[in-house]
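Here come two complexes built around subunit A, the first alongside subunit B, the second alongside subunit C.
Up next is the complex of A and B:
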């Protein structure tokens, strides 16, 4: 039990619980299945991307380009699909494949030229997004195919709320759940997962232990790209149009959610559990502010405060601990 | 919007990122909108003649040929953000003006709707030495210092959607903002009835036009429809479909009796309609607001969006460039003058207003062509 207080995840979970209680007291509509289902659907995009970012952060790198990767992947996919037709499987596969390919390019540059990942991916963000702007001319794609629209509207569980309005669990969060499951298996049950932690913890040690650094780099960044491609499709499912500029600019929101969930920007540290909590906190704040009927003018202030509280407490505890350790050494 | 504060977490990251991004995104002098179209100076000859006085009349044959190249005014149109349909359509008008008026007019801007980035783009254009700037401001206040800089250099400044702008020469409006706000509210009342709760969306709390319409609509509602009740404050979600969608889903739960949504900003009504469609609430909540006809069509058809309003952004682009050239030629702006063939304009405190508002319904959305 005492060990739990060492993790930032614990504090984030605590903040979520407190916040949920407060919101529910003010508006019981918060703690309903309907709200949960709506939130899951709305935050699938952020949730999928956050898992990719988690992998990259654990490996000791960072990726800024994933929003551009997502945009390029889904734009190309839908452009082709609108002309030649397809189905939901081809759309997801194609977008994921393009995303993985672009991620692979990131990995190759980072590994072989040994350029810091932040610089590489800032550069590739501009290249990918720039090329898309050139070729698309900023034109948006409307009129998504009928089958695409229908898939996005599919519910796997259908219920009716007390007011007689039907609601349900959309098929969209299932994509997120599948990604979570895959990530969990990779991180906890494969040598690959161990390798990613090792790489982020200490590159030299990982190398000497016998991990294939190139393979790890290739996997981490193309996995990020693959998830970006899928997340791009999810965004289009929700908005029913392909916009060139709707995703680029959200990089730091995603990275912030992952860091909020306890992953370290210096690598080697981070859990799937924490990342889910980070995304949940971001989602609950946004949702809760409206449900508590707080004036929109106060939103930003509130969000900032919640972040400071949830990150601040654990950071302060770590600082105290370090001080305590130091004093031991002096004696 | 709301999550933007999350950036604080990775502040250093954000700094490096934005610096690099803005460095890459500075307007790389758009390719001088297609070399001098020969027919343009020919058709325009009578109108532009007075401005070309310095050309020595002694050797007409030679100068005639060289003139269009040398004398072309450089007019830069800076929009809120590039790469969205609204401003893509505006660009069409700018290009048409460049061709028809024989000026070097082009459209540019930053990829985000960040006021600071917009100011930077304008500063670069000032340094480059343009003759006139046509600006659609993200934030009226934050552009005042750069406008002053431009004025000191003798650059003509035209704004659009910013009637209270300080530091510009003229502001061109294609709608009467007050009437437009009131008309939108009337349309909302038409579909939700004259009593009940409604919410107001804007692009952001600093976009001048959206907030002016909201001000006008709300003042009008207070006076004419006392039984209407606005919930919360205005929500800054109208620039992105998914923000407006999420906000609508949240509002439905926060205010179960909500009957209407008035959304200013082209993506707001779409996001709201999308949410209602998903929830099957299109019959219970009426959405009215500014939309692009082509994007709104499916929502108008299925009834999740009741009524759209707007003006043609291409006309705005054309009008701004026309007005800039008109001023560069040394002409005076007067009340009742015809602007760019768009109609008669009323002049009040440096604001030129032409009433060219459009109503967008499922019947005409397809034929409007943008």
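Up next is the complex of A and C:
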């Protein structure tokens, strides 16, 4: 039990429970399956991206370019699909493949030229996004195919609420669940997952332990790109149009959610569990404000305060721990 | 030392090459007085914001909140101006209120700077997280204050800051030169500047050398905050308005300009002269391509490519120097 208090995840979970209680007291609609299903659907986009960001952060890097990668991947995919046709599998595969390819470019630049990942991905964000806007002329794509629209509206569980209005669990969160499962297996049951933690913990020791640093870099950034490609398709499923400028600019919000969940920017630290809690916290704050009838203008204020307090508390605890250790050494 | 010099030389060569290329592509239009003057109006906004970013990067930090604090400063000043001064008013009274509004705007960004300083120096939050938090919070306050609307219709004396000419010299450029000169003096000729570079290289060694790291970091983020406030006044005056989400694309551009100018992302290295060279290069590229009617988004892509190219060339030249010792 005592061990639990060491993890930021525990505090985030506690805040979520308290917040949920408070919101439920003010509006009982919060704790209904209908609202939960809604939340899952609207936060799938953030949820998928956050897992990619988690992998990059654990490996000791950072990726800023994933919103541009998502936009390029889904735009190209839907452009081709609208002209030549396709189905849901080809759309997901193609978008994921383009995303992974763009991620691979990031990895190659970061690995071979030893350029800090934050600089590389800021540069590639501008390159990818700039080129896409030039080639697309900034025009949005409408008139998604009929089968695409039908897939996005599919419910895997259909229920009826007490007022007689049907609702259900959309198929979209299932994509997120599949990603979570894959990420879980990679992080916990494969050598690859160990390697990512080792790389973030200490690059030199990971290398001497025998991990292939190039392969790890290539995997982490192309996995981020792959998930960005899938998240891009999810965004289009929800909005039923492809916009060139709807995603770029949100990269720091995603990183904020992952960091809330306890991942460290210095690498080697971070759990899937924590990232899911971070996304949940962001989702619940947004949803709670609506249900408590607080103007959505306050959303950023609340998220900002939560981030500052949460990173502040955990940094302060670390500082106190360091002090304690230092005094022991002096004695 | 060799590395610093080689960077200045590389940047100067690129600058001359870009200038020559743009001159060749655009003809005499490019070197006309009007074009140079319009460049001198455009450069300062990004320039002063980049200085605000650079000083934090020297301490191996980063300040993601510069754009958000600039917008909140502008909104504070604009709220005071639009409520108390009519757009066509003149005389001593409105002038005094305008000065008060600018002072209020600058204090807001100074306070945000102090908040960042507190989080980073006292609580010891990593700079990227602390400023990410303040960025979101400050933007939130701006949205609450303006309800997402644009504040416009500012009085004449304020518009001078962004659009005025003093002896043929654009007012924003004068402010930028003053800001850059002040920053250069602080960094190169004061103990504070020395400590900033030392913290960036090795904070623990710096601490054991008897430096008060907390005080140095506080001042660093305070200066960064005030600089974003100064940029805010120029932006507000040039747009003749203020809004919660103006200039958000500038954020990553300031990192790009700093790194291009030789500021190390790991801290401890970088000079104001390098940053100024980088800013001039970026401005030459964007003005030149603009005259050629090139899509502005292509310009953004080209900026990104230039950054990667410069980093790759730097890396290769360092590698070459290591493998071929003289």
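Note that the second predicted complex is superposed on the first by the 325 of 331 C-alpha atoms of A that agree within 3 Å, B and C clash if a C-alpha of one lies under 4 Å from a C-alpha of the other, contacts with A are read in each partner's own complex, and residues count from 1 in each chain.
In this section, a residue touches a chain if its C-beta (ideal position, glycine included) is under 8 Å from a C-beta of that chain, and two chains touch if they have at least 3 such contacts.
What you are looking at is a predicted structure, and each value in this text was computed from that prediction instead of being measured.
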Fit or clash - subunit C, subunit B, common subunit A: clash
Touching partner for A:114 - first (subunit B), second (subunit C), both, neither: second
Which superposed partner A:266 touches (first subunit B, second subunit C, both, neither): second
Touched partner set for A:25, first subunit B, second subunit C, both or neither: neither
Which superposed partner A:315 touches (first subunit B, second subunit C, both, neither): second
Which of subunit B and subunit C A:156 touches, first, second, both or neither: neither
Touched partner set for A:124, first subunit B, second subunit C, both or neither: second
Subunit A residues touched - subunit C or subunit B, whichever exceeds: B
Touched partner set for A:42, first subunit B, second subunit C, both or neither: first
Partner chain(s) touched by A:297 [first = subunit B, second = subunit C, both, neither]: both
Which of subunit B and subunit C A:249 touches, first, second, both or neither: both
Where subunit C runs into subunit B (options 5-13, 95-103, 113-121 or 131-139): 131-139
Doubly contacted residues of subunit A, that is, touched by subunit B and again by subunit C: 64, 118, 122, 125-126, 129-130, 133, 138, 249, 252-253, 255-256, 259, 265, 297, 299-300, 303-304, 307, 311
Partner subunit A, residues of subunit B touching it in the complex: 1-10, 13-14, 16-17, 20-21, 24-25, 81-85, 87-88, 111-112, 205, 231-236, 240-242, 245-247, 249-251, 253-256, 270-271, 274, 278-281, 294-295, 298
Subunit C partner contacts - residues on subunit A that touch it in the complex: 64, 109, 113-116, 118-120, 122-131, 133-134, 138, 249, 252-253, 255-256, 259, 265-266, 297-305, 307-308, 311-312, 315-316, 318-319
Partner subunit B, residues of subunit A touching it in the complex: 27, 29-30, 32, 34-35, 38, 42, 45, 62, 64, 118, 122, 125-126, 129-130, 133, 137-140, 142-143, 153, 163, 165-167, 235, 238-241, 243-246, 248-253, 255-257, 259-260, 265, 282, 285-287, 289-293, 295-297, 299-300, 303-304, 307, 311
Contact set on subunit C toward subunit A in their complex: 64, 119, 123-126, 128-130, 132-141, 143-144, 147-148, 248, 252, 255-256, 259, 265-266, 295, 297-305, 307-308, 311-312, 315-316
